[in-house]
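Presented sequentially are two complexes of chain A, the first with chain B as partner and the second with chain C.
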Partner chain A sequence: MSTLISAIGFGCVTAAILAIAAVGFTLQFSVSNVLNLAFGSVMTTCGFVAYALNSHGINIWICVVIAAGAGGLLSLGLNSLLYGPFIRHGTNLFGMVIVTIATALIIDRTTQAIVGPGFFSYVVGSSQAVRFADFVLTPEQIATIVLALAAMGTIHWLLRYTRMGKSMRALASNVSLARACGIPTRRVANIAWVTSGLLGGVAGVLLFIDTTTFSATSGSGFLIVVIAAAVVGGIGSPYGAMAGAFLVGVTSEVAAAYWNPELKDVVAFGLLAAILLVRPKGIFAEIATEKEVVG
Partner chain B sequence: MSAATQLYVSTLVVYFFVNAIACWGLDLQFGVTGVLNFAFVVFQAAGAYAVALFSLGPASTSGGFQRYVGGYDLPFPIPLVGAMLVGAALAAVIGWVGLRRLRADYQAMIMLVVSVVATLIANSEIGLVNGPAGLSLIPRPLAGVLNLAPARYSWFFAGLCGLLCAGVGFVCWRLEYSPYGRMLRGVRENEQAVEALGRSARRARMQVFILGGAFAALSGALLAEFVTAWAPNGWEYPETFVFFTAVIVGGRGSLWGVALGAAVVAVGVQQAVQYLPIGSDPTVLASVEWIITGVVTLAFIWFRPQGLIPERRRRFRMMPGLREDPHAGLLEEVA
Partner chain C sequence: MTRINAVFVATALVLAASACSSSGSQQGSASTLEFAIFHDYSGPNAAYGPEASAGCFPAARVINAAGGVLGHKISCVPVDAKGDPADAVPAANRLIAASPSLVGVLGGGSDDATAVVPLFEQARIPIFSTTGQDSFDHARYHYFWRILSPDGAQGYAMAAAAKKLGYTRVATVFGNDAAAQGSAPTAIAGVHALGLSLAASQSLAVGQPSYRSEAQRIGGARPQAIISEADPQTSATYFAEVAQLGTLPGLITDPVSQEPNWIKAMSGAVGSATLRAKDTAVVAYAPATTLAYRAYTAALLASKSVVPGPAQWDADLYSVADYDSIVIMALAMIAAHSTSPATYNSFISKITSPSAAATIVHTFAAGKAALQAGKRIQYIGAVGPTVFNQWHNSGQGFAMEQRTVSGSWRVVNVLTAAEVVAASR
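After this line comes the complex of A and B, so read on.
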């Protein structure tokens, strides 16, 4: 029983990181319709920005904030300097997938050429475990869960109670109609990219705190789990991404506790396959039809 | 040529043929039909492992230093045929789950996930195909019978690959330039129109997925037999991207273009990187190779999305004399 409970505890931590990343990934996708496979590279880059600061003695939580800013900037830069021009140049949905995966490769491998093939880790300070009922978690893990809850709350507030959020939802459901209604589509899309980058930056650093070691390709590896969570929930649906992250995070950690830990991601993907067989568009399918890309 | 040069040149020839087979398989899916199969390298790997398991013999015979399931010692053409069947069967299973009614980029994501899962399983289930160490000592076909010097054998193998490559090219040519091929291109260009004409786009995708899977497996099988080893770090998911780059650079949907792309990207870039003045640090070299591949892809999508040898735009007209009856449906290609 205590194995199960501690596994659920770890699952919540994984789910928290996954949720931040998956909401960032899916929010940007729903608004701009560009499948950004360089999202994992944004996470890694922010992780290394935080590493550079952290190794100069700056507290890791301040690094998280700066990394978030770096993520927002990088993500905005990707959209306005690379993806946007490609879309306006006439590259279609297909082409954009290839463009983003090429970008991911370029960012990851440039990082690797700079930092080398090794593994890195942060200096996080004390790690006195905290017991809470049967859950045993480190303060960092608790902070991760709190941060994720705060991020989810903010996104919920953004989408439901602000004009910007309303515009984003309008873009997600019908770009031409949104444009016809006078919504500045490109600006809204840019803000979605910044939001996605902010969340990606936070998720990147939190992930690398949680896994203790990371390399130049860690983010892109994790992106696959993020995609699984987003697809399970129904791609393009932020609330679906939260549900998907929770499901994937907890299932994989419970599986890791009882089975081969190396295969915990396989369990997550098995879940993905099972759900796709029943609901090909994910649990909360909002948009899965052919749409126009917004640059 | 000295024996060493002979070996080098013949190795490049083998790499070219193997990559051309793979790129044609991918082009059938991505270039002609428009299926974004980001798990393509998984089928190549399946072929490689299958050929190893069909020719290595039981695991105990080689002193048990590597662990794997099955293990048969079958004579020459059977392991290759078996590998193709394994690739096709795997494609049928993955296609059944992954190619459901989803939009194309959604399918691409699923395939990316499939690719990572496959590497994870191969790495962590050691008993399956010897885990991260991979399989080695894969026997080369007919090596014992022919008993040739290394360079001579390498040329023989290049000839074998050339024959198979020609066969695959012929099949692709016959398929792509037939009414069936027109239907496939229709699925790429306008799925609704194809469905309205009574053809199932999903079935078409499934068919090229299976056929492309078999070709990928054949290329993997030949590669594994040639280098006599195969390990998970050789088929991680970015590897698929090399084939995509080759198809894009050469010209998607164009057989000669794709062959040229295979030569330029899959063989050329790899060789060229070794002559760049950037030192010999293996990490930097590998990184630079990937960066070049990525930049070349972006450059081609921007400047020349149709590729080096573009797909020929085909026009059709009604056969002369049939104008009175538009329902006769006999079309003649206009040069």
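After this line comes the complex of A and C, so read on.
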């Protein structure tokens, strides 16, 4: 029993990081309908922003905040300067996927050219695990879970109780109708991109604190799990992304605790496939699949 | 008259074609001979390329300084294999098609050797590989050569090292990539063969964001030491979590742990002092005091314009092996009186085989002088004696090394070839 509880605790850490990233990824997708496969590269770039600051002695948690800001700016810049012109020229959804793949490659390779092919670590401080009940977690992992809960709470508040959140949901539901109702679609889309970048920045630094080491391609490597969590939850649904993240994170850790750790992804993704067989649009499917792309 | 002219023209064309053909195989007197460094310069194993460059460029330096090969200068041409057969195969095909001066290749890492070695075999170009895959132990390739022991021998040596360090209860933890899996089965077999207790055995899915459950399981098994091989990021994440959950046991690792990237990643994860105290790297042994090794070191340090931070590769056996590989190919050309890959390939084993009649040489310059004097030679390079078997494989003993505060490596013990063989029974 203690093995199961500790595995769930470990899974919560992975799920926490995954939830922040998946919500950022899917929130922006729900509003703009652009499947941004450069999201992992945004995470990596923010990770290196934090590294640059941290290596000059700045506390890692302050670095998280600054990196989040950098992520928001980078994400906004990508939409305004790169994706926006493509969308306004009529590039369709599939074409935009290719554009985002190219963007990811450009960011990753440029980052690698600047920082080199090596590995990097933050100065975080003591990381000895603390034990309570049957959970065994380090202070950084506990902070990660707390941050994720705070982020999810904020996103919930944003979507449910603010005018901007309601506008985002309106865009996610029907762009034409939202525009006809006087919602400034481009401005709302830009804010969704900024929010996505903020969350991507936080997730990137938290991921690299958790893995203890990272390289210029680490964020892109994590993207497949982020997309999986978003898809199983229902692509375009922030609440689905949270559920998907919890499912993927906990399942993989429990599988590793009880079975061959080499196959933990097989178990997690097998379960994911099974869920999609039963609910093809994911647990919380919301997005309109024929929606137009918003720049 | 017209008929005579036609015959004359036809004869001239045949002669011209013949000359072109000869030029192609003999690499025309003014051309520079190219050795491709076909390794990863990007991707998860992006350090493999610079590591091989640190062998090729110093070798080119000593060869050119000694007058080159049969009147030709030589050069090293880095080619990014990207660590994935999907990228490596087209890159190899492009290299073969577009490089008429290509005479030899360093390459075929564990991730792509199976895919690219047949291509160079078909093109009849010798390839000196650092792959550890056991599938090449008895492969009947004519142009494939391997100086360092396969991963299988590495696994046995790591088990033998555990015994020699006095451990009686060990665990094995290997990444599930091809490079690491090459030595996993033999490490486990070696542990059993030497009568050690195997506390746990794990195969890690590489590149995961977390290994906390795996780390907790290994902690629960309470091994005195962990025999391990995995890429830098996987190792760093995994062992940091093992350390967070308890005490890091002793580590017995393979030569990957001597690469700067691995050290940097692990130092960041568990701390430099802890890593120094815990890690013992088991590496194919090449005493750094030999004449050949000193020649390599001197050439390496003098190559800083093309090898950034050359000192970091001084103790790297892969770099040393790549240096020897280039020297061996160059000497084989001189012995064959030909730069044609198809011709000199069969002289590779001749210039390294021991023989009572052979003059032992340790440098390219000495080997070239002896060959030009009509002598038979045995080149004993920086990695030590290289004696190829019928499958073009060679091997050697192993050293157990620990890193010092200054960052250099100190040999704490040596495993003889016999001790490694004992672990394989």
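To be clear about the criterion, the second predicted complex is superposed on the first by the 290 of 295 C-alpha atoms of A that agree within 3 Å, B and C clash if a C-alpha of one lies under 4 Å from a C-alpha of the other, contacts with A are read in each partner's own complex, and residues count from 1 in each chain.
By our rule, a contact is a pair of C-beta atoms (placed from the backbone, for glycine too) under 8 Å apart; a residue touches a chain by one contact, two chains touch by 3 or more.
As the structure is a prediction and not an experimental result, all values here were calculated from the model.
**Student:** Superposed on chain A, are chain B and chain C clashing or fitting side by side?
**Tutor:** clash
**Student:** Considering only touches as defined above, state whether A:L159 meets chain B (first), chain C (second), both or neither.
**Tutor:** Neither: A:L159 stays clear of chain B and chain C.
**Student:** Which of the two partners, first being chain B and second being chain C, lies in contact with A:I227: first, second, both, or neither?
**Tutor:** After superposing on A, A:I227 lies in contact with chain B but is clear of chain C.
**Student:** Between chain B (first) and chain C (second), which does A:Q112 come into contact with in this model arrangement: first, second, both, or neither?
**Tutor:** In the superposed model, A:Q112 contacts both chain B and chain C.
**Student:** Output check: A:T103 vs chain B and chain C. Expected answer is one of first, second, both, neither. What do you get?
**Tutor:** first
**Student:** Should A:I235 be classified as contacting the first partner (chain B), the second (chain C), both, or neither?
**Tutor:** first
**Student:** One more residue to check, A:L93. First (chain B), second (chain C), both or neither?
**Tutor:** Once the two structures are laid over each other on A, A:L93 reaches chain B alone.
**Student:** Between chain B and chain C, whom does A:M43 touch in the aligned arrangement: first, second, both, or neither?
**Tutor:** In the superposition, A:M43 touches no partner, neither chain B nor chain C.
**Student:** Quick check on the superposed pair: does A:L276 touch chain B, chain C, both, or neither? Answer first, second, both or neither.
**Tutor:** first
**Student:** Does chain B (first) or chain C (second) touch A:S218, or do both, or does neither?
**Tutor:** second
**Student:** Taking the options 111-119, 219-227, 399-407 or 417-425, which segment of chain C carries the C-alpha atoms that clash with chain B in the overlay?
**Tutor:** It is 111-119.
**Student:** Based on the A-chain superposition described above, do chain B and chain C contact any of the same residues on chain A, and if so which?
**Tutor:** On chain A, the overlap between the chain B and chain C contacts is residues 109, 112, 117, 221, 260, 262-263, 265.
**Student:** Residue numbers of chain C touching chain A in their complex, please.
**Tutor:** Spelled out, the residues of chain C in touch with chain A are 41-44, 46-47, 50, 176, 202-205, 207-214, 216-217, 232-233, 236-237, 240, 243-245, 260-261, 264-269.
**Student:** Which residues of chain B touch chain A in their complex?
**Tutor:** Those residues of chain B that touch chain A are 34, 36, 38, 97-98, 100-106, 108-110, 112-114, 116-117, 120-121, 123-125, 237-238, 241, 244-245, 248, 283-284, 286-288, 290-291, 293-295, 297-298, 301-302, 305.
**Student:** Could you please specify the touching residues of chain A with respect to chain C in the complex?
**Tutor:** 3, 6-7, 10, 13-14, 17, 109, 112, 117-122, 127-129, 136, 138, 207, 210-215, 217-218, 221-222, 225, 252-254, 256-257, 260-265
**Student:** Looking at the complex, which residues from chain A come into contact with chain B?
**Tutor:** Those in contact with chain B are residues 35, 37, 86, 89, 91, 93-99, 101-103, 105-106, 108-110, 112-113, 116-117, 221, 224, 227-228, 231, 235, 260, 262-263, 265-266, 269, 272-273, 276-277, 280-281, 288-290.
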